[in-house]
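When the chains are written out, they are named A, B, C and D in that same order, and each has its own residue count from 1.
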Amino acid sequence: MINMVLLMLLLASVYAIIRLDRLLTAVLLTSLFSVLVASIFMVLDAVDVAFTEAAVGAGVSTIFFLAALAIVGRQCKPTPRRKIIAPLIVVSATGCVLLYASLDMPRFGEPLAPVHQHVAPRYLNDSAAEVGPPNIVTSVLASYRGYDTFGEVGVVFTAFIGVLMLLGAGTRRTSIEPPTPTGAPKESMRKKVVLKEVADLVIAPVLIFALYVQWHGDFGPGGGFQAGVIFASGIFLYALIYGIEPAQRLLPPRRLAYFPAIGLLLYAAVGIISMLRGGNFLNYSVLVNDPLHGQHYGILAIELGVGITVAAVMINIFFSFSERSL
Amino acid sequence: MLIAALGLPLLGGVLVSMQSQSPNTRDICSLVTAVLLFLLVLGFYPSVLAGNNPTLVLAEPIAGLGLKLTVEPLGLLFATVASGLWILTTIYGVGYMRGNSESNQTRFFFCFAISIAAAIGIAFAGNLLTLFVFYEMLTLATYPLVTHKGNADARRGGRTYLGILLVTSIGFFLFATLWTYAITGTLDFREGGILSGHVGPGTAMILLTMFAFGTGKAALMPFHRWLPAAMVAPTPVSALLHAVAVVKAGVFTILKISVYIFGVDFIAETGAGTIVMWAAAFTLTAASFVALTKDNLKARLAYSTVGQLSYVIVGAMLANAAGIIGATMQIAMHAMGKITLFFCAGAIYVATHKTEISQLDGLGHKMPFTFAAFFIGSLSIIGLPPMGGAWSKWFLLMGSADAGQWVLIGLLLLSSLLNIAYLLPIVGRGFFRPLPADDAAHASANTIQEAPLNCVVPLCVTATGCVALFAFGGAIYDYLLLLFPKT
Amino acid sequence: MIEQLPAIVLLLPLLAAPICSMIHNGDYAWYLAAASCWLAAAAAVGLMAQVWGGHTISYHMGGWPPPWGIELVIDELSALVVILVTVFAALVISALRESLRPKMRKHRHSLYYAAYLLCVASLIGITVTGDAFNVFVFLEISSLSTYALIARGRDRRALIASFRYLVMGTIGATFILISIGFMYMVTGTLNMADLAERLPALSDNRVVQASFAFFTVGVALKVAIFPLHLWLPNAYAYAPKATTAFLAATATKVSLYVLIRFLFDVYGLEFSFQQMRIDLLLIPLSIAGILIASLTAIFQTDAKKLLAWSSVGQLGYMVLGVALLNTAGLTAAIAHMFNHAMIKAGLFLALAAMIYRVSSSRLDDLAGIGRQMPLTMAAFTVLGLGLIGVPLTAGFVSKWYLISGALDKGWVPLAAMLIGSSLMALIYIGKIIDVAYFKPCKPEHAEVREISPTILIPCWVFALMSIYFGIDTRLTAGVAGRVAESLLGISS
Amino acid sequence: MFTALFNYWVVIVLMMAGLYIVMASGHLVKKIIGLNIFQTSVFILFISMGKVAGGTAPILKDGISVFSNPLPHVLILTAIVVGVATTALGLAIAVRIYEEYGTVEEDDIAEMDNHDQDLDIAEYQRIESGK
């Protein structure tokens, strides 16, 4: 059984979210919820997922929510009584179907459960010989199911296009204001001296850590997606403390808007090269003469593509939101 | 050759539409097409008389169910009537349209050609699906003709026209077709029918009733409203609707379904036609009464048509050789008679711009040919010898007698009396009443005279045709016996 | 090369999308987008040529054999749907350029085209994949791009429509995710063919039954099966003009394809229809959907909303065809997917041309437009006849099969109801045509002229296709018939 | 039975709580919070089915032979990305709605839309009567 305390904490936080009308608190609780879920994932041996959930749920999503709340206000109306009934009926019905299903579910942790029988054993037993990386999640993600991951990059890219269409690229303000040559700190910034000091200390290691996660994904938990999210978080931190303009000077949105596409194209390029070399799309084994080397290069390249796209998309979206809130 | 029969009017239509700049070329084009088509249709007679049924499958939109054309005696007769009268209608139409300087003449002749193609398609349809397709094509192609004038009246009439015809055909006819297909797995027109042995009397009656009422063009009451509504159209169109293509296509459809889908024997055995027969009997009596009350000449003729059509339906439902032969003859005879009457009505309008019967006093002396032709046409419609109409009425009475329907005989005779009552007074007014005073002044100035030659010649030809058909009655009878190989 | 076609058809639009997003000149982006759509269409035809007659292609992504890797599976059904998506997408985008011009600033055009291409690519992806989870991934790409496309409508209500769709769509997608999780939980595989082998033995397992329920509800949301259709009318009505044409043609059809695939191939005929009796649910719902939607359409005063409601009704026909569970019904459903896509895309496109000229889709603003824009309105009329189901148009063929399907079951009242609903279509299409031809034109629209050929030609292509496929039905009803027989397990 | 299924039940409650927030809340941002919770709870369901009692994270190391199933991890990695993408887009639409309507409460928006429609009808009647 999963850790009882964690489960109870989850229930409590969700209950609080339902009851809360102050959205800022609700968002922070959602962030807490994500951290708790990440802990559960950790307990369940899903280290990569835990890593991602923490970075996304507690990091990126929360930042997006906060940015949105800064625009739309933090208070919401309580749900009127009469509007509770219909959702309750639907939710109870759905819940009953799920409970009904749960009666036939394999017991938790059962090693003989069907999930562990059919497809998974090949990954566990042969991936080292067929693909290479010790982190089996990376092998499956990048090679066996590399096409899914390609689609996943497509999803991120689509979200990027959508946000850009709706909110603009975050370039409006920089084009109006001439860029100040030196990052003269604003009035409010002087009060954040301590923060600034801390940030200086933290941001560089965060970015370096992101690079480490990027290249280390073969061996330990991590990979392009996590690296991209962490890299973006580092930039968020920078922007929150120094202001958006310096961040945008660092990474001009106009140029940054190219990078999601570049990452996706890099991913696809690997696949197309393998097609040109006579294999199927994303068959890394044909990239070079030795299949195992080919797998290795292929995975490195596509993970880089994933990282570039994810980081660039997250930063772009952040810029788009923050432009609107000012 | 079948392709040619169908393609020729279409091709003619296209040619006509390209000649909008030069009216003379255009009208010659129409005429040549019409004549060629008539000759082409006549060309089928040798092989049909020899007992062959030339067949052609155009396409197969639904697996096992194609757009199929077959030439058989019944359809060939209808095609002959339609294509033959088309020539006259074209000549007449040219005169009428020019005489009245109507606008959009090119569109008019284009739609005309498409309508004829559709009529030929109906005549040669090899199965119910094909029949339905061309039936709808005819509806759609005649719609712009009905609304030709483009004013509010024309639009209202057009809407009624389209509304009733589409709703009945989709609601009843298509449904019955699909049902038939579901029951029998085929829709081919076959001798002796396809339903026999597949359905009981009850279903057969429902199906036949749906087919009859679904054929809105047959103007069975209460779905006859479109016909008077379509009176807003120019007269050549009325002639086309009433005589050449539309209503004839309707009754022909019912006839064909009775003969080739149900089979005469099957209807007779099961009595499936009872409802339809009495509906038709009601229609033919009621329509004649309504016609009596109409003062507008074209409206009176329209209700006359409603009544006359029901003769055909009655004949089909009698389900015996005399009935079917009478019904088929009625198609040809009524076509010839009614087209004469409409040509006359149009000629009167072109010459005097008069539309009401009460205004016709004394015109007979000024327009002798027109009124003489009207008289001949009337006699044919009534069914008096020596006109072609006499034959069809005779066979229908025979058929009723064979079927033992004495009430029906009574109704048919009553209706004939009513025909006399509403048609002959028109001629009487023309010849035996003096011109009203204000018109007399015009007349002395010779402003009232016969309509243009283009109008008068066709109506004289059709009037002659009414007489000639009486002489050919025997030949037609022999030909129609092809339908009953056993008897 | 030829064996790479399944990947190529997908990659063409998917790779053109990021490149488009990088091109700042909207015109160049349009050329690229249109070219990639047409090439994909050509590739789709190539695929159909390969599977014609009932063959199947399997393409192993990454070279990994299924069920370990992801496989693309192409048979006649998926090839037909891919043709539907690509050809209609190509036609609509050819017209798109004109219609976008007055509305958006130029450098945003590129993004719009990119979103459009992503949508096309993801719909292809959903159709060709043989992996259950992969369906989810591409479904999300298509959903996200659709939300973005709809939100770009000129009216602010487009935003609300898009948001509602986003919420309902995400719930639907999550339901599908739950369902896939359940299937995986009891079988250990995600490959659809593999699932099909393993699921029958587990038909009494409650997890499988629940997964079936979640899947049906999730996809029904996407297909807009009554009563889960609520997002559709507003989404179609407020989306940018040409977007509606594309979405109406493809998005719901692909979802329906997914439903058919899973009901018949993955869960299996026996489980779906004999054990779970899904037909008992779908038949009444689709009938109610047809009647209510057609009735609502009749009372609309906005042409775009009218057509949107008509779409709900027409989807009802397709679902009904599936639920009838006989060859004729299933043939009708699949053929109607194609035919309706073609007809509705054409109708929305023609309507877009008119809206482009009069800046409104309200019926009273379209008064007299038939005389101002005769060619556009003529195309609209031809397509409208197809929607009603007049003979010699594509709509007739599918309705014929559907009613045959009802009669094959001996359900005469149902057949009568279908005929009745065709008459309702006659009324609501007649309403538009009547207004356009027979009402006097508004004075402020007296100067309205015919639209440029860029839109007119695609409109007429749709109209002529609607007639062509009413006569030559080898591609539509022919394929649909073969597919229906193989789905029903009838060997021909 | 109870202990073996208890965590599934908690997850089901969490999922339904998320779904409830989506449906019951009128605030668009809170709806998205609900969607987030709904999806995240589904992730727990997936990951918990991949757990093998006594297993470790699926990273090959000498001396370890029992691993948890990596496939659900891969799927959920993808699903998390999908989730954040949806969140971002949803929030972007919500922001645009706020800019257009000045509110993100469903009821208020519905009221304004009805008002819009009334205006449309009024406009229509004005034109009609003007003729």
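The definition used in the following text is that a residue touches a chain if its C-beta (ideal position, glycine included) is under 8 Å from a C-beta of that chain, and two chains touch if they have at least 3 such contacts.
All values derive from a computational prediction rather than experimental measurement.
Undergrad: Give me the ID of the chain with the smallest distance between its Cα centroid and the all-protein Cα centroid.
TA: The chain sitting closest to the overall C-alpha centre is C.
Undergrad: Give, as an integer number of Å, the spacing between the C-alpha centres of chain D and chain A.
TA: Averaging C-alpha atoms per chain gives centres 15 Å apart.
Undergrad: So how far apart, in whole Å, are chain A and chain B when each is placed at the average of its C-alpha atoms?
TA: Inter-chain centre distance comes to 76 Å.
Undergrad: Give, as an integer number of Å, the spacing between the C-alpha centres of chain D and chain C.
TA: Here the centre of chain D sits 25 Å away from the centre of chain C.
Undergrad: Starting from the mean Cα coordinates of chain B and chain D, work out the distance between those two points in Å.
TA: A distance of 67 Å separates the two centres.
Undergrad: Scan chain A for residues touching two or more other chains and write them down.
TA: Those would be 98, 103, 105-106, 113, 115-116, 119-120, 123, 145, 148, 151-152, 155, 158-159, 162, 166.
Undergrad: Would you mind listing the residues of chain D that make contact with two or more other chains?
TA: Within chain D, the residues that touch at least two other chains are 15, 19, 28, 49, 71-72, 75, 78, 82, 85-86, 89, 93-94, 96.
Undergrad: Identify all positions of chain C at which a residue touches two or more other chains, and write them in rising order.
TA: 133, 137, 140, 144, 147-148, 151, 178, 184-185, 190
Undergrad: Select the category (line, ring, star, complete, other) that matches the graph of chains linked by touching.
TA: Contact pattern: none of line, ring, star or complete.
Undergrad: Report the complete set of touching chain pairs.
TA: All touching pairs, sorted by chain label, are A-C, A-D, B-C, C-D.
Undergrad: Residue numbers of chain A touching chain C in their complex, please.
TA: 97-98, 100-101, 103-106, 113-120, 122-123, 143-148, 151-152, 154-155, 157-159, 161-162, 164-166, 257-258, 260-262, 264-265, 268, 271-272, 275, 279-286
Undergrad: For chain B, which residues count as touching chain C in their complex?
TA: 59-63, 67, 129, 132-133, 136-137, 140, 155, 159, 166-167, 170-171, 174-175, 178-179, 181-182
Undergrad: Give every residue of chain A touching chain D within the complex, in rising order.
TA: It comes out as residues 1-2, 7, 10-11, 14-15, 17-18, 23, 26-27, 30, 33-34, 37, 40-41, 44-49, 52-53, 56-57, 60-61, 64-65, 67-69, 71-73, 76-77, 79, 83-84, 86-88, 90-92, 94-95, 98-99, 102-103, 105-111, 113, 115-116, 119-120, 123-124, 127-128, 134-137, 139-141, 145, 148-149, 151-152, 155-156, 158-159, 162-163, 166-167, 219-221, 225, 310, 317, 320-321, 324.
Undergrad: Can you check the complex and tell me which residues of chain C touch chain A?
TA: Against chain A, chain C makes touches at 4, 7, 11, 14-15, 17-19, 21-22, 59-64, 67-70, 108, 111-112, 114-115, 118, 121-122, 125, 131, 133-134, 137-138, 140-141, 144-145, 147-148, 151-152, 178, 182, 184-191, 194, 198, 205-207, 209-211, 213-214.
Undergrad: In the complex, go through chain D and note every residue touching chain C.
TA: 15, 19, 22, 28, 31, 35, 38-39, 42, 45-46, 49, 71-72, 75, 78-79, 82, 85-86, 89-90, 93-94, 96-97, 100-101, 109, 113, 116, 120, 124, 127-128
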